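Next come two complexes built around subunit A: one with subunit B, the other with subunit C.
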Partner chain A sequence: MANRKSRITRRRFIGATAAASVAFGVPTLLRAQAKPIKVGLVHPITGFLAYSGGQSRMGAMLAIDEINAAGGIKSMGGAKLEALLGDNQAKPEVGVSVVEQMQEAGVSAYIGCFSSAVALPATQAAAKYNTPFVIDVGASDNIVNRGLKNVFRLKPGFNACVDDAILGLGEINKAAGNPAKSAVLVHEESEFGTGTAKLLAGKLPSIGVEVKEVMKHANPTRDFANLALRIRGLKPDLLIMSNYQNEYVLLARTLHQQKVDLVGMFSVLGGGFNYKFVQELPDVAQHMIDTNHWFDPTNPKAQAKKKQVEAKGSLFTFEVYLSYNAVKFLAEGFERAGSADKDKVNAALAASSWSDHFMPYGPTKMVNGQNTGGKASIQQASKSDINVIWPTKFASAKPVFPKPKFS
Partner chain B sequence: MDATILGAAVINGLLLGGSYALVAVGLTLIYGVLHIINFAHGSMLMLAMYGAFFLLTKAKIDPYAAIPLMVVAMFAAGYVLYRGLIGRFSHGKDENILLITLGLSIVLENVALFFFTGDSQTITVSYSDRMVALGPALVPLPKLVSFVASLVLCAVLAWFIARTDTGRAIRAVAKERHGARLVGIDVEKIFAVSYGIGIACLGAAACLLIPSFYVSPSVGHLFVIVAFTIVVLGGMGSFVGALVGALIIGLTESLSGLFLGEALGQIGISLIFILILLFRPTGLFGGAR
Partner chain C sequence: MRSWTVPAALLAVALAYPFVFRSNFAINFGVLVLFFALIGQAWNIAGGFGGQLSFGHAVFFGTGAYCSTILQLKLGWNPWLGLGASAAAGALVGALIAALSFRFGLRGSYFALITLAFAEAFRILTNAVEFTGGGLGLLIPLKRGAANFQFDERIGFYYTILALTVLSIGIAVWLKHSRFGARLAAIRENEDAARALGIDTYREKVKVMALSGALCALGGTFYAQYYLYIDPTVAFGVDKSVEMLLVSMIGGTGTVYGPLIGSFLITLVGEYTRAVTNAQGLSLIIYGGLLILIIGFLPNGLVDLFKLRWRRKRRA
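Take a look at the complex of A and B:
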């Protein structure tokens, strides 16, 4: 038998409940606060893409906190955004199950997924419920090419990035007096590297650059000494790489050690081109050029966010600002829709002309879910920083092209 | 094919083999004495590499200066791990040891993922980019150092096993564990010591690899699969075999990469492996069991 003193009697229970409802219930009624809007964040928090997933989540949370602090979605009575945190583990099947779980929890929109492999089935799963899905990172053009009315991507896709890379490289080369006439392409063996190299090889002749050889390497590769020897033997003006972080850094390091002279080292969506690379290997990173998603360095909002992130000891990587802007884009859609009704939000996002971002983009213009106002930019590393060098309108430095010789 | 490129590829291959040997000698010792594949070898290498990484970044201890420290620390880790976990829960069954080391590797990797994230880290030391002209090849100094050090390490280990009492006990246990027990050798202790020495080799390997490589929670896989191949190729438990096997594998990888392209370079390794198993199943230096 329970101790008499500690037993909760029916009378005490009713009394306590009444008191609690007075204490907590009444103020809620008085405030008549709007129902929060649940936004599902579907990122890889564990698994081999954990770092990128964590960065994406940080960017999204920055935007959510900022929107809530500024009074939430005003057209919905100041409704706050509530993040539902998911971990897709970089596995397609897990991504789908996270989407389903969030659906049960009453999600109004999704943000995700970092990898295209997860985004493809996850957006499909969300399409069953017509729930808006904003892609923050995910390069494959198939994500938006399947006619799903609930999927939106703010950043340019894979093909558009290659087109921008060719256009920019052509302009940079021309401005320098066409020092680059030939190139060797080095790419990793999967869809990303092979696809990029194929597109590049087809388009480089159009800007007067002859492709001397296309070299494929395995993932992972432990040693690039021989590849460096072959590149030296071929004497190309440009080396164009498309590979993931570890191989990108290892290859760059080997070419630097072997003192292979090139007019320029160039990449499209270069896996290892980031602030960390510049911090860890400044001598290797210096003068390397990459085409990628980048913030507009001339925009004060971007600089303020960069400071805010760096003050926390984190790096302002592309995942952070792409996810941040994806949430802001979504919130503006809620604002115009004036409700969390899925059809209304999808229609609002499809008709978006949002321009309050800090990317080097024009106003948003969605065509079949892809923002055609988006643009990749070209960056070059110095010993201590990364600067935008193309498009000239957003540039924070002039290109160092051709790069200085070793001897 | 240009003779200069070929010559440089041969030198690169030998140096690459040198760095594989470091990982393989520890594995061959454990394999030779305990007769099991240590599945945790890759994750222990990863831990050692993080150790060397943090010693440099947090305590400013140069990776080469950290070798004695890491060797002692990894020996202790290996010894304690065997005494406290592997030996205790294996109940004398080899397949249990296999499962325990496999489980251990999964746990270690995920713990590393949790604490260090999936991001790979690189270090720069003053000699990272220093090059040495070696015939037709320009060789990074850290690779040359790791090559020479692995030769020295193999020689020291071979001397230790051949000349010291502990070494003799290890050989006795490797050959005939029941007989060894009968003549008064503490077999369990020798198992733990052998496991400790095998893991200690990784401490040295990590310090020698980190100046020219990166570290991430999955870095162990890169070396350990090759190390398994080397151990079987050279002959189980043979140090000379591990060294020669490593050089052969390094050369094969380098030359097949040169002739077949980097994406197909790994085929050469598997081909050599199959040929050895067909024509000399005990490995190059392995005696019949």
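Take a look at the complex of A and C:
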């Protein structure tokens, strides 16, 4: 029996040879493969911004998977991007903690953070290591105004979005014979809503729109009945909103239920203006107008990506394509830098003139980390879709302005 | 074991920690533990030692954060000086809230609710007025340097928060052994009986709230200087009130080391669960589950674990 066990049979010999070749061969193969580049995704996956954070993560992962499937970063021997997933819980202290944790794990760049309040300290923490940080969503201009050499933002900030909103609204209003002469501004209480409303209030008179009142609401607010009554009493032509998803939808629904007649319902960076809103409340959404980050509907790549996302049962919201494009912008920086060296990547991103995106932007042109080539567009909802109505170069429909009255 | 052995050993561990765990992540972890221990201890001094349960301690935290930041940004004060000013402001707000509430006989859950209302009122006020930056918040410009309370390395922040936490623990030890602490214990156990014994309960309660407010405000200034950004929700939000209450409850209210133990565990569990899972929300579920277990099996806090072990040793 013992003899039989120790005998070398042909089958055993082949098995042992195969095992040995695997044992010795695999490390060689691994050595030949380029070291993956770790990209930290710092989004709010739990907390009151969880939906948006989840969408951002999905967009970033789509880009990472696509880049890896296409052979990785070619100038780095086909190095693959490896996502490090983090949850900032929409809390500044957690955001910083996640940045430090990822630094320990050898991160080469960060993408994040959705909330400006988290992005401000998180980018600062990353600046200590000079690690590139690409802001996918985060509207505050302070994020890129502090002279941090490692921070880049592809999309336009508050100021640029408000400028585009004023320009576009002015043109739309003028083309319709100036039916809108007054406005009430409603905004959420944090930096995003307050900053946007302040800028709007200062600039609306330049297009002949008088601001009747600026109203602030808390986060979260679950009843807008009184606010809607006040708006009805003020009888403005326009209602301009700047708020997050839930409050945006709730306020729009309340105004619709109370049949408040307006020339137009307009928003700047309206958190709830997306396909979900149109699908769930088509009657409420119809004719609402929003200035926001939107993809170029005339770009086939954008349409293909939209189909891919929708095929998964998800919605192609602004978080998805902003994060997607942020990762692609970063990958292009790695490609030109030819290395994950932080100085080289920062220099490559600062000198970027990337145009392979599907946003209604020109080639990227970074000034102090802000892409000055970025532009917001104006969209209007129909009962079943959302169309770009301004700038006319990218428009997929004509504006319905003024919107039809209830009675 | 001598009475100074445990604090001396803890202090030695805390002092040596950044030399053993040198990474910024580990030092940041240490900073978070000590920061929550500080604000937890501030709550514990009023809620645990004084028996004045508060749901709105963020009002003191936010006062400290805004006071030093406004003095720095608008009047050019050095933030180190702002630290002292914020403690004074915290004490003043604490005394004011206490004086108003206790003058009208608010106790127990009514007092807890009024503190919550004050925190919300402060949040709305800072949101509404211009000099606090409104909803935009206040951003402290980057100007690195220890003299400017912006250390180049995290270790500087670590030792600063360690000093503040040691101060707060020192105050807790003093309360445990002082006449003031004894009067507070009497009020906590039975306020009417304490009054019958001749204790001026109103004055003692105002004093403890002022002390607690000052300590909490120190935490607020530290937070503002560490993250260089505050807004009304970050400073006065319910989250902060709950966090400081939680570390004390988990660690053990009315004990000297309860908030430190609670803070260590809660920060560790928070960081660990986030590190081990990427599934959406799973880390919070694990976190919540652990808290339920701790509260279920150790209703007096984690300090009980140490007490049990100490008793067993003595018996043996």
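What we mean here is this: the second predicted complex is superposed on the first by the 373 of 407 C-alpha atoms of A that agree within 3 Å, B and C clash if a C-alpha of one lies under 4 Å from a C-alpha of the other, contacts with A are read in each partner's own complex, and residues count from 1 in each chain.
Everything below uses one rule, namely that a residue touches a chain if its C-beta (ideal position, glycine included) is under 8 Å from a C-beta of that chain, and two chains touch if they have at least 3 such contacts.
Quick caveat: nothing in here was measured; it's all calculated off a predicted structure.
With subunit A as the common reference, the superposed partners subunit B and subunit C fit together side by side. In the superposed pair of complexes, A:N142 makes contact with subunit C only, with no contact to subunit B.
Using the contact criterion defined above for the overlaid structures, shared-chain residue A:R222 touches subunit B, although it does not reach subunit C. Legend: residue contacts after superposition of the two complexes on their common chain; A:V98 is shown touching subunit C, with no touch to subunit B. In the superposition on chain A, contact of A:K74 is made with neither subunit B nor subunit C. Judged by the touch definition given at the top, the superposed model places A:G193 against subunit C, while subunit B stays out of reach. Applying the stated contact rule after C-alpha superposition, one finds that A:A50 touches each of subunit B and subunit C.
Of the two partner chains, subunit B is the only one touched by A:Q257; subunit C is not. By the touch criterion stated above, A:V249 is placed in contact with subunit B alone, subunit C being left untouched.
In the superposition on chain A, A:K393 makes contact with neither subunit B nor subunit C. Of all Cα pairs linking subunit B with subunit C in the superposition, the shortest spans 5 Å. Shared interface residues of subunit A, touching subunit B in one complex and subunit C in the other, are 46, 50, 54, 189, 216, 218. Of all residues in subunit C, those touching subunit A in their complex are 23-25, 28-29, 32, 124, 127-128, 134-137, 139, 141-142, 223, 227-229, 231-234, 239, 270-271, 274-275, 278, 280-281, 283-284.
Those residues of subunit B that touch subunit A in the shared complex are 2, 5, 8-9, 12, 16, 113, 117-124, 129, 131, 137-138, 140, 213-214, 216, 218, 222-223, 253-254, 257-258, 261-263, 265-266. Those residues of subunit A lying in contact with subunit B across their complex are 46-51, 54, 189, 215-218, 220-227, 229-230, 233, 245-246, 249-250, 253, 256-259, 276, 280-284.
By the touch criterion given at the top, residues 45-46, 50, 54, 85-87, 91-94, 96-98, 100-101, 103-104, 117, 120-121, 124, 128, 142, 146-148, 188-191, 193-195, 198, 216, 218-219 of subunit A touch subunit C in their complex.
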